[in-house]
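Same chain, two partners: chain A is paired with chain B first, then with chain C.
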Partner chain A sequence: MIYQGKQKIWSEYQKGIPSDGWFYVRSCIRQNFFPASEKFFLGICRDTLGHDIYETKHHTTCGGIAYHSDAIPQETAMTIVARQFALMKEAGYKNLVTSCITSFGNYTEILETWREFPELETRIREKLWEATRREFDKPEYVAHASDLVYKFRNEIAERAAHRLVDVHTGRPLRIVEHIGCHYSKMFPHKGIGGAEYPCVLSGMVESWGGEVIDYPERRHCCGFGFRQYMVKANRGYSLSNTHKKFESMEPFRPDAIITNCPGCPYFLDRWQYVIAEQTGKTYGSNGFGIPVFTYEELAGLILGIDPWDLGLQIHQVAVEPLLDKMGVPYNPGTKYLGLNEKDIMRPGLPSALKCF
Partner chain B sequence: MDNKKILIIGGGPAGLEAARQLLRLGWEPVIVEKTEQIGGHLSRWYKLFPDMMPASELLEQLTAGLEGAKVYLKTRVAYMNRLKDGYSIMLSNGTGIQCRAVLIASGFSLFDASKKEEYGYGVYDRVITNADLEAWFAGASDSRIPEHPRRIAFVHCVGSRDLKAGNSQCSKVCCMTAIKQAIEMKERFPDSGIWCFYMDLRLFGKKYEDFYINAQKDYGVHFVRGRVSEVSEAIDGSLVVKAEDTLAGTPVKLNADLLVLMAGMLCNADTATLARMVRSEVDSDGFLRSRDNIYRINESRRPGVFYAGACTGTKTIPETMAEARAAALDIHNYLCGND
Partner chain C sequence: MIDFGFGLARSSAVELDKVDLSLYKELERLEPGIRKCIACGSCSATCTAGPWSGMSVRKLILNLQRGKDVSGMLSACMLCGKCSIVCPRGINTRQLILSLCRIYDNK
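Showing the complex of A and B:
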C-alpha cells in the first residue's frame, strides 16, 4: 500500500465545509437503531465544541428511503426536500447537514438534477407553493454529519479522554471503515476523499490514534441495499453480502468497525448474530463479534462519554472487548438501566455469538 | 527566404524519420526536442510487435545518417511568427530560426493511469503500467514486480474508449502491446498464469491475429472479455481483481501477483500551445486537426505547416514511419513548388 497515493487522491476530493450555520435534518431510522447517535452529534458539535447547528421539530423524512425503494417517484421526494429547504430558509440558515447517508445522496441528487433540468426545479417550486404556500432557497453547502465530525476530528482529538489504542500494549487499534453507498458513489466529488478511497472516516480513525484497514471487499455494500433487505425474498442476498465482507476483513483481525450510514452499522452488527447462529462462526476473538459503531458513538467514546449513555447496550455485538482495549471504564451493572435507572430488560443471549 | 532549414518539433520516431528523409532530399532539418534525449517513447521501449524487433535497433536505424541535422535537446519553441513566405521561430535556448516549413511531430503522452482510481495505480504496490513493464524489460529495476509472479493480469483500454476518462478514442496499440507483453512475461515466467481483460480485441495489422492466436495456443494466455470493475489488496499483498466475464455472463474474481494497466495514448499537453502558435486547429479528440482524415493527413490548414505521427491521432510505429516519409515528401513538394 502506497499511502502517498491515497493522499494524492484525497487532495483532489476536498470540499468546503463551513464550521457554523448548519441546519440539521435527522434520519428516519437512526433513532431506533442507534438512539443516542444524533443526540451526541448535536451534543459534541454544538455543546462541547460550540458550533452553530440548528434543528427544528417540523422537518420530516426526506423521502429518500421511499424513493430508493421505488415506493414514490422522484418528484414527490423533490417536493418533500423542497419543504425542508423552506424550513431552513425560514430558520435563517443556508447550509444543510444531514444525519442520514441516503438523505445526503437524495439532497445531492436532487440539487444536481435541478442544475441539469432547471424547469423541473421551477415545477417543484410551484408544487410546494400549491401544497404549503412555502418558498425555498437552495442550500449554499450540503454536508453529511460525518463531514462535520471529520472537520472537527482534531478538535475532538485535542479533548480526547481515550484513544483508539490498546492501552495494554500501545498498539493502534485496527479499524475497518465502512462508507455508506450513497455518500460518494453517486457523486464522487461530493464526498471527502472521493468514491474509491473516501477519507471521511479514515481521517477520524487516524486522528484518534487508530489504524485503518484496507481489505479487499472494503467498497462492497454492507448488505442493506434497500431492496436486498426490504423485499423479504431477497434477505438471503443481504446476508450473503455482509458475510462476504466479514470473510474478507477477517484475516486483518479488526478491532472494530466505524460506519457513517444508518443501515450499515445495523446490518453489519445484526447479521453477525445470524451468521453465528447459522454457521457457528464469529469474527472477533474468543467467540465475540467485531463491534460496529457509528462515528458519533466512537467520537463519544473518545471524549469520555459513558458507553451506556451512548446507547451501546443496544448493539447486538458486545462492545465490551473494545472498551477494555481502549481502557474505557464502564459499569456492567448499569448496562441495561435506562433513563432514571429504569430497567430496560436484558435481551436473550445468542447460542453462538458471545455477548453480555 | 532562401535558406533550406526546416523546423521539426519533436525528436521521436516521426521527427527522426522525417529528418532522415528530408536530409536525403537535400534539406536542412532542425530538430527541437523538449526532453534530454531523442527517440521519444521508443527510447524507453524494449521490443516492438509483431516481429519482436528490439526498439533500440529501430532507434539506431533512425538516428544513423542524421549527421547533417541540427538537434536541440531540452529545448522548446518559445514563439513562432508567420512571415510573408515562412516562419520566424524563437527557441527556449535563445536560438532564432527562419524557415519556410515546419513539421509538427510532437507525439503523444501516456494516459495517467492513477486517474482510473479503481485500478489502484500509485496506491497498491503491485499495479504497474505497460510503460513501466517495458522499462523493466529493458533493464530498469522495479520493486513492484515480484520475483516469481504466479498470476499476472493485464487490463486493456485504460483511459482509452472511456468517456468518463475524457477519451473516446481507441489507442490502437494497446491490444497488441498487451498480447506482446503477455507473451514476454510468459517466456520469463513459464509457470505463471496470464489473464488479459479486454473490451474487444482490435487486431487490425499484419500478423496481429497470428500473434493473438499464438498467445493462446503456444503460451496459454487467457483472454477474458469484460472490464475490470475494481482492484484491491489482500493481506498477503496480492491483488484482488474483480471483473465481469461478459461472454460467460458472470462476475469473476482473480488473485493476481501483478496487474499491468494498458495506459492509452493522449495528445501531448503542449500540442494545443503549438497549435495556437501556428493558428492551427485542435480536433475534438485533443489531437491536431489535419486538412482531412483521408487524403491530407500530413497537412494542416496553414501554409508550410505539416504533421507527422501521433500528434494527429493514435498511431502504430509502422504508421508513424509511413506518415513521416509522406510528410517529408509533402514538404519537399511544397518547397519546390510542386503542388
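Showing the complex of A and C:
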C-alpha cells in the first residue's frame, strides 16, 4: 500500500525530458574530483546512444559556487547565467542540461526569480548587453545530466555488459542512492519524483539490476554545505553529517553508493578516510570502505568501459571489491598508468582504511 | 592519529531504546500528573530562579524523559511555587520537585 503511495507521488512529480537538442554545461569542480565523468556522460549519451548533445568551450562557471559561498551577489550569478543562455541561443539550442547539481539549482532559482520579478530579468538583459553585446532566450527545458541518464537508463540496460548483481551468488547488489540537495529540495517540482521520493537514481539502480536501500538518513545532506567545508573551522560539521549518514546506512550493509552531485561523491568518499583515521572505523567489509560512484561512472561500468579509463583509481575508497562482485575485469598493474601508459604515481596508503 | 584541525562533533541524538528511564518511571509513580505536561514552558517563563541559575521545570521534565541526570538543576529551585500557579494543566510542579528531591535522597 505504501509503495503504491510512493508511485502515486512519483507520477505527480514527472517532468518532460526531450531526448535531443541539449546544450551541455559542465561543472567547475567535477573534472578535478571525478575526471572522466563528464567525458563519459557525453561519450555514452552522444556517441554510444546517438543523442544530440552539444557543448562549447566558451562557457564558464554558472557562479553558483560563489553565490552559495556568499562571495558574489545573485545579480552577478544571474548575469553569468544570462551569458550561458546567450551562448545556447547562438548555438541554436533550446534545452539546457547541466552537469552540476548546484548549477541546476542555480539556473532553476534564477528562472523562478525572473518569473516572480520580470523587472530583474529586464535589468540583467541590459547588463549583459552592456558587458558583452549578447542577447539571450530562456531555455524551454532545464534538466540535470542525471535526468537524461535516467531517461536513457533502459537503453543503457539493453547494452549492458555487466549488471548490478553479485556474479558469485546472483544476489542484487545493495545500493545507497544519494541525491544532491540542490536537485529537488529547493524546487520539488523540478526533480523527477519530488524532494521526498526522487527516483532519478533509484530508477537507474533498479533498471540495472540492483536493489535500492531505504535507510533512516537517506535524505540527509552529505555535509558539503559550502560554508561548512570551505571554512576549515567548520569542517567538523561537514564530517559529522557524513558520519551520521554512514552510521545510519551501515546496518544495511551497502555494496556501493551512487550520487548525482559534484560534492556528495567527493565527501562521501574522502570523509571515509578521515573517519577511519580519527576513529579507526570502516564501513565496508574486511576493512574496506563503501565505494562511491557518480551515475556516469556506474553507467560506464554497466556498459563495460575499463574502470581505469573511468578514472576510478582517483577514488579514495578502493573500488575493487565492487568490481569483483560485478565481475568487471580489471588489470591491477595498469591502475596507476595514465594516457599513453604514463605513470601517474601511487598515492600514500591510509593507516586504517584498506586500499590498494 | 592524524590531526586534521577538525573532528567529529558529539552526536546529540537520544536513543530512547537505550537510555535509563528508571528515575522518570519512579517519579511518574509518585507524581502521575507529570504525564499531563505539554512542555508549554509556562513554568520556566515564570521561574524566579530561572534567569540566573538555568532552572527550568520544562527542561527538567524533558531531561528526565531522556534519561539524563537533573540533580544539578534541582539545587537551584527555591520552592516558591509560582510554576504550579501558572501551569495550564494543573500539575503540582512544586510537589513534583520535592518528590524528585526525595528520590535522589533515597539513592
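Everything that follows uses one rule, which is that the second predicted complex is superposed on the first by the 354 of 356 C-alpha atoms of A that agree within 3 Å, B and C clash if a C-alpha of one lies under 4 Å from a C-alpha of the other, contacts with A are read in each partner's own complex, and residues count from 1 in each chain.
Methods note: a contact is a pair of C-beta atoms (placed from the backbone, for glycine too) under 8 Å apart; a residue touches a chain by one contact, two chains touch by 3 or more.
Everything numeric here is computed off the predicted structure, so don't read it as measured data.
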| item | value |
| --- | --- |
| Partner chain in contact with A:252 - chain B first, chain C second, else both or neither | first |
| Partner chain(s) touched by A:154 [first = chain B, second = chain C, both, neither] | neither |
| Touched partner set for A:132, first chain B, second chain C, both or neither | neither |
| Partner chain in contact with A:239 - chain B first, chain C second, else both or neither | second |
| Which of chain B and chain C A:60 touches, first, second, both or neither | neither |
| Partner chain in contact with A:196 - chain B first, chain C second, else both or neither | first |
| Which superposed partner A:275 touches (first chain B, second chain C, both, neither) | second |
| Complex interface listing, chain A residues touching chain C | 232-237, 239-240, 243-244, 274-275, 277-279 |
| Of all residues in chain A, those that touch chain B in their complex | 1-2, 5-6, 8-9, 194-197, 214-219, 251-252 |
| Touch list for chain B against partner chain A, complex | 114, 117-118, 120-125, 230, 232-235, 240 |
| Contact set on chain C toward chain A in their complex | 1-2, 4-9, 11 |
